[in-house]
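Here come two complexes built around subunit A, the first alongside subunit B, the second alongside subunit C.
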Partner chain A sequence: MIDLKAKSACEGLLPIEIGGVKLSEVAPAEMTLIAPYRGKEAALAKAFGGRWPAAGETASVEGGVLVWFGRAQAMLIGTAAPTTLAKFAAVTEQSDAWARVLLEGAGARDVLARLTPLDIRDTAFAVGQTARTELFHMQVSITRVSKDAWQIIGFRSMAGTLVHDLQRAMKGVAARAI
Partner chain B sequence: MRIACPLCGERDLREFTYKGAALALAYPSEAASAQEWDDYLHNRDNPAGPTRELWYHGSGCTSWLVVTRNTVTHEILAVELAENAEEASA
Partner chain C sequence: MRIAGKGLINRKKPVSFTFDGTVYSGFEGDTLASALLANGVKLMARSFKYHRPRGVLTAGSEEPNALVTIGNGASQDPNVRATVQEIYEGLEARSQNRWPSLAHDVMAVNDLGAPFLGAGFYYKTFMWPKAFWEKLYEPVIRRAAGLGALSGAAVTDKYERAYAHCDVLVIGAGPTGLMAALTAAEAGVDVILAEEDSVLGGRLLSESGEIDGVPARDWAEATVARLQGMANVRIMTRTSVTGAYDGGTYGALERVGHHGVVAADLPKECFWRIAAKRAVLAAGALERPVAFQNNDRPGIMLASAVRSYVNRWNVAPGKAVAVFGNNDSAHDTAADLLAAGVHVSALIDSRPDATTDLPVPFYAGAHVCGSEGRKALEAVSISRASGIDKVQADCLAMSGGWNPTLHLTCHMSGRPDWDEAIAAFVPRAGMVPGMIAAGACNGVFSTAACLGEGAGAALAALDGLGVEAEMPALPAAEARDYRISPLWAVPGKGRAWLDFQNDVSVKDVKQAAVENFRSVEHMKRYTTQGMATDQGKNSNVGALAVLADATGRGIPETGTTTYRPPFQPVAIAAMAAGSEDKGFAPERLTTSHELTVKAGAPMIEAGLWYRPSYFPRSGETTWRQSCDREVMHVRQAVGVADVSTLGKIDIKGPDAGALLDFLYTNMFSTLKVGRVRYGLMLREDGHVMDDGTTARLAEDHFVMTTTTAAAGQVMSHMELITQGVKRKLDVRFTSVTEHWAQFAVAGPKSRELLNGLLDAPIDGESWPFMACGDVSVGGVKARLFRISFSGEQAYELAVPSRYGEALFAELRKRAEGLGGGVYGMEALNVLRIEKGFITHGEIDGRMTAFDIGMQGMMSKKKDFYGKGAAARPGLLDDERPQLVGLKPVGVVKQITAGAHLYKDGAEAVRENDQGYVTSVGFSPEMGSFLGLAFLKGGRARHGETVRMVDAMRGVETTCEVCHPVFLDPEGERARD
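The block that comes next holds the complex of A and B.
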C-alpha cells in the first residue's frame, strides 16, 4: 500500500524572518471557490445571510471568511461550503490548490510595494480589503488582515517562486534599513 | 498607462493584455454571407482617434473589458465590463 505523506504547500520553505518582517505559512484550511450563476447572485447572497463580498472586499461568515476572488467569484476559507449552494453557484473545493502565506511586520508594506503595482497605502487599501493583482510576475490574491499583516494566496504549484520572490524583496528592504 | 477596471479600480498596464477591436463581440448571424464573416474575422478599421478595444484583466479580476482608447494620445476615455457592453461595433 502506498503511504502518501501530507505536505503543506510551503513545507520546508517557511517561516522566515528578515529585517523584522516575517513570512509564514497560514495553517491549511478548507478553501472553496464559489461562483454564482447568472441571475442567482441575490439568492446566493441570501444563503450567506446577505454577506456576499463586493469587489475588493471580504466578509466574515459563520466559521470562516469569504474573500472576493475576481469577477463574480469569492473564496470561502475556513469552513466547508453547504451543498445547498450548488443550486445558485458553481462550487469547487480548492483547498489543495493554493499556497497561503502571511507577510507581517512594520516593514511588510515596503516589501509588498516592491512586488505589486497595487496601491497599498492606508487611504487606498484598508484592513479587510482584498485584491487580485500581480506579485512580481504572478497573479495572486492579497488581503490586508491587520494594520501590518497581509495574506497572500498564490498558486500552490508556484509556492517556491512565491516564497523566493517575497524573500528577495524582504532582503532588499532589510538592506536599505539604516 | 493605467486602466480603471470597473471592479478593481485604477491599475497598472502590466496587469492587462490587449486583444483587439471590440468588434469581435459582434458576431454575424448564422445566416451571414461569407463576405460578412470575412469582414468580421479579418477586416478592421485603423482609425487615428477613439477606438473601442478588448482588454483582458488577466492579473487582476480576470474580466474582459471594453476600453475606449484614443490611438493618437493613448488617453483612456472609458472602460466597461464586456458583459455589460452593448454590442460593440459602435
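The block that comes next holds the complex of A and C.
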C-alpha cells in the first residue's frame, strides 16, 4: 500500500512575525460545512444542544466550534460532524478546502484594517464574532478569537496570496512604529 | 527673514535642505514655504502658461503657485505644494516648468506674447492644417506649458490603503472641529478627528487672539491633549478628507512618508476609506485674493498667510509690508505685523467708512491697482479718489474676504446658497446625508461662533446616533462681526489674475462672456479657470463674480461649477495601493503547482488558476515537441493531468435531482447512483452557459463539475435559481473545488496504473464508462470517476487536497514507468479537439445548443432554465453559425484560431464572412492541424472547401469542412 504524505495549506509559507504581529497556520482540523434543509433548522440546532450560531456569531460545541459561514450555514471546526446530522442538513467535509491562519499581536487589528472593510472595533466585532468578508481582493471568513487574535480562513489554493497580502500589510504597519 | 517670537518652530532643531541645489537651513516645524521665506527666497515657481515668476500665495493646502518637485528618479513627486511639504534633513526640492533655471526661464517669452495667448487662443489658432494638431502643435504647446512631470519610471515607493470606522467623523481640527470632537468624545462615542495639517488647531495656530484668557494656540494644545487622552478618539493628522460618498463613506489621504527619510516599508501615502455614522464638517474657510493688475508678483500673498508666517513660523515675509483688504482681516494682519516688529508701509481698505487706530499710513476707500518688480515685489500702486500713490513694499498682504470650504458638502451634487451678508457661498443643510457643516465652512467666522457651532454640530450628530448629551460650557473667545464689502476685481488695464495656477485673468473671463460662453461651466472650460490641480480653490468664486458682472447677472443666478472629489490631489498609486505586481489578482495554485514548476512547465492562467502548458523533457526544443509527445502518451500509454481547477459543486438534499433537472437541459433525476452524466446548462436567454459532468454519489447527493473559469458563475447561477426561481426546492449546495485534488489518468494503460495504486483493484465490469464511486488510495478515502475528456479509457481520481502533491508525484512516477507521463493544457487541448469536445472557446456566451449540435440534449419531457428562450425561431435558424471541424487540404497546412472563413474563391472582406475558427491543435496521430470552427449552416456543408484567412497573422489556408469529431467517432476507446 502506498503512503501518501499530507501537506498543509500553508506549509513553507508560515509562520512569520513582523513588528510584533505573528501570522501562523492553525493546525489542520476537521472542518465540516453544515447547512440545514428546509424546515430542519430547529432540529439541527437541537442536535447541537441549541447552540446553532446566529449570523455573525460562533458557538462552542463539544470538541469544537461552529462558525457561522454565510446564509443558513455554519462550519463545524475541530470535531467530526455526527452522522445523524445528515437527516437535518447537508453535511459536507471541507477539511482540505481551506487555509486557516491566525493573525495575532497588538498591531493585528491595524493589519486587518489595511485589508478588510469590516468594522472591527471592539464595539462592532467582539471576541467570538465572525464574518464572511473581503480581505484585500479575496473572500474570507474572519473570526475574532481573542482580544488581539483573529482567525482568517481563505481558499486553500489562494494561501500564497493570503500570506502575501497579509505580509505586505504587516510590513506597512510595522514600518509606522519605527 | 526669521523674527523673534514664540511660533511653532523648534529653534533648537535646525534642519538643512536644498532647493534647486542650494543648501538652506530651517527649523523643525517649518514647511518648505516658510523655510524658504525665512531664507529670503521669494521666487519659488514659474506659472503654467506664461512662465511668470511666482512666489507663495497661501500658507495652506490650497496653494496654487509654489509647486515643487520632491525627490528623484522613480520616486520623483511633482506638483508638491511647498506650503504643505514639511522640511526634513536632506530634503531635496526642485522648481519646475522652467529652463534653464528658475531665475532665467527662456519660456518667459510667452509672457511677452500674452496679448495673443488669451482664452480660446489655441482653439482659434491651431485649427489648420488639421493633421498638425496632434503631430506638431499639441506637443509644442504641452512642452511650453505645464507643471511638474512624472519620472516615467514605475513607482517603487510603497503606498497603502486602509479602512476606518467611527460614529462621528470630524473633518478639520480648528476651533470648530476641536470643539465638535471634544463634545462628541465626551458623550462616549467613537470619534475620528481628521486634520490635513501636521498640527491640530487650524487658524488658532496662526492667530494672535485668546480663548478663555489664554493664547488661542495654548487652548488648542490643551484641548488636543484632552482628546489624546481619550480612548474613543482617534486623531489622524496629515490626513485630508478628499471625498464624501454614499452611505457615510469618506475618502481620506494621509501623508505618511512625505516628511522624512523613511524606512523601506513605510508607505508614502495611505488612502483611507472611513465609514462614519455621522460627520461634522469643520473645514474652515479659504481667504480669497483680489484681482488687480499684476497681482501675482512674488511677495504678494494672502493676509491670512502673512499672519501664519509671522505668528506660526516667525517669518517676516518682507521688510516693508503693505496690507490691502475689504474686511477686518487686513487690520488684524497689520496689527500682527506691527506687534512682530515688521514695518507696515501702508494699510489700504477698500471700504470708504473704515477706520484704524494703528500707527500706519492708512488709505480708506482705496484700492491697490498695480504692482512693480519682476522677480519680487518692489512697490504697489494705490488708487484713491485723489489719484494714484506709489508705496514701497516687498510684500503685499491681501484679503478679498473668505470662502467657506464647503467642497465636501457638494460631493453628492448639491449646490450651495449665496449669502449676500458675507458675500460667499454657504452650504445648505443635508446636502450630504449624515454630514453637518459647522463653523467657518458654514459661513460663521468669529471664533466664539465657531466654538458654538462645533459643539452644536456634535450634539446634532449625537442626537442622530440616539445619544443624549448637553451643550458644554463654551470657552470665551473673540466674537467680532464679519464686515465685508465685496471686491472681486479692481478696475484697470493690464492683466489681473484670478486663477494663478492656470494663468487665467479677468480679461480671459470677460472674453469668454463676449464670445457667449456665458454659462459658468462653459466659461470654466473655455478659459481653463479652475481646471488646474488646485481645482480653482482660490479663484472659482472670484471668476464667477467677474462672469456675473460681465453678463449682467447676479452671482446666485450665475451659480457655481461642480465641486468634485478629490478635495486634494491624490496619487493614483495611493488609490491603487497593493494592486501592483503580485497584488494585481489572487493566484490560485493547485497542489501539484510546486512540482509542476520544478519540472520546468511554463504556467498559463485559467481564470485565477495557474495550469501547466506542457512539461518539457531534455532534447525537446519547442513546445510542439513536448505537446506531441504528451498527446501520444495518452493515446498509446497513459497520461496524468491535474484537473483540480475544474469547479466542483456538492449538491445535497431531497430535491437535488429536481434542481439538476431544472439547471441542465437534459435529465438527471433518472441517473443511477454510481453513474456520471454529461450535462449542458443554459442562461435565461437560451444560450449555453456551461457544460460538464455530474456524478450521483447517493440518492440525494450529486457532485457537479464546471469549467475552470466558470465555477463562480455557475455557483451564482445556482444561487439565483434556488433563491429566486425555484425557491421551494429543498436542496443545499457548496463548492468543494478546494477540498479535492483531482487528477485525470487517461490512456490505454490507465487502469493498469490505477490498479497498482488503489487499495482494491478495479475492472471494466465494476467500473464501466461513466461509473463513479468511492475508492481507497493508501488508506485515504478517495473518489474515482470514469470519465474521459481525451476519448481514451480514462479516470479522474480525487483525494483530499492535503494528499494532492503526494498523489501527483506518485501518479507521475507510475505513468512514466508505463511509458507515459504528465501532460499539460496544450496536449489536453489537442486531445479534446481530436474528439470534437467543446470548451469555452466554443461556448463563448453567444452559442446555443443548436449551434453546437446538441439540440438533442434539450429535453422535451421537462422544463429547464432557458428552454423557452432557446426555442425562439432566430436561435434555431439554419443559417446560424454551426460547429464544424476543419482540415487543411491545400498547400498551406496551418490553421489558426481566430481566423475567419470565406467561401472558396470569395474575397476576404467583412461582407463575405462565413464564420471563424475557435480552436486549433496539431494532431500527431493524424499528422495534421485540426480546427473547430463555427460556419454558417455548417452542419449541411461537410465536405465543402472554404477559405481560411487570418488577416492578423497573414495566414491563408484552404480547408475542408468536416464533422467536428475527428477521432474514434463511435467512442469505442473510452468504453472498452
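One rule holds for everything that comes next: the second predicted complex is superposed on the first by the 174 of 178 C-alpha atoms of A that agree within 3 Å, B and C clash if a C-alpha of one lies under 4 Å from a C-alpha of the other, contacts with A are read in each partner's own complex, and residues count from 1 in each chain.
Keep in mind that, in the parts below, a contact is a pair of C-beta atoms (placed from the backbone, for glycine too) under 8 Å apart; a residue touches a chain by one contact, two chains touch by 3 or more.
Predicted model only: the values in this text are computed from it and were never measured.
When the two structures are aligned on the shared chain, A:142 is found in touch with neither subunit B nor subunit C. When the shared chain is aligned, subunit B and subunit C each come close enough to touch A:117. By the touch criterion defined above, A:56 lies against subunit B but remains apart from subunit C after alignment on the C-alpha atoms of chain A. In the superposition on chain A, A:131 makes contact with subunit B only, while subunit C stays out of contact range. Set side by side, subunit B and subunit C differ in how many residues of subunit A they touch, and the one touching more is C.
In the superposition on the C-alpha atoms of chain A, the part of subunit A touched by subunit B in one complex and by subunit C in the other spans residues 117-119, 124. For subunit A in complex with subunit B, the residues that touch the partner chain are 55-56, 70-71, 117-119, 124, 131-134, 139.
For subunit B in complex with subunit A, the residues that touch the partner chain are 7-12, 14-15, 58-63, 81.
Of all residues in subunit C, only 158, 160-165, 190, 256, 262-267, 273, 275, 578, 582-583, 585-591, 608-609, 650, 652-654, 730, 732-741, 757, 759, 777-780, 799-807, 810 touch subunit A in the complex they form. Of all residues in subunit A, only 1-9, 28, 33, 35-38, 73, 89-98, 113-114, 116-121, 123-124, 136-138, 155-161, 164-165, 168, 171-172, 174-176, 178 touch subunit C in the complex they form.
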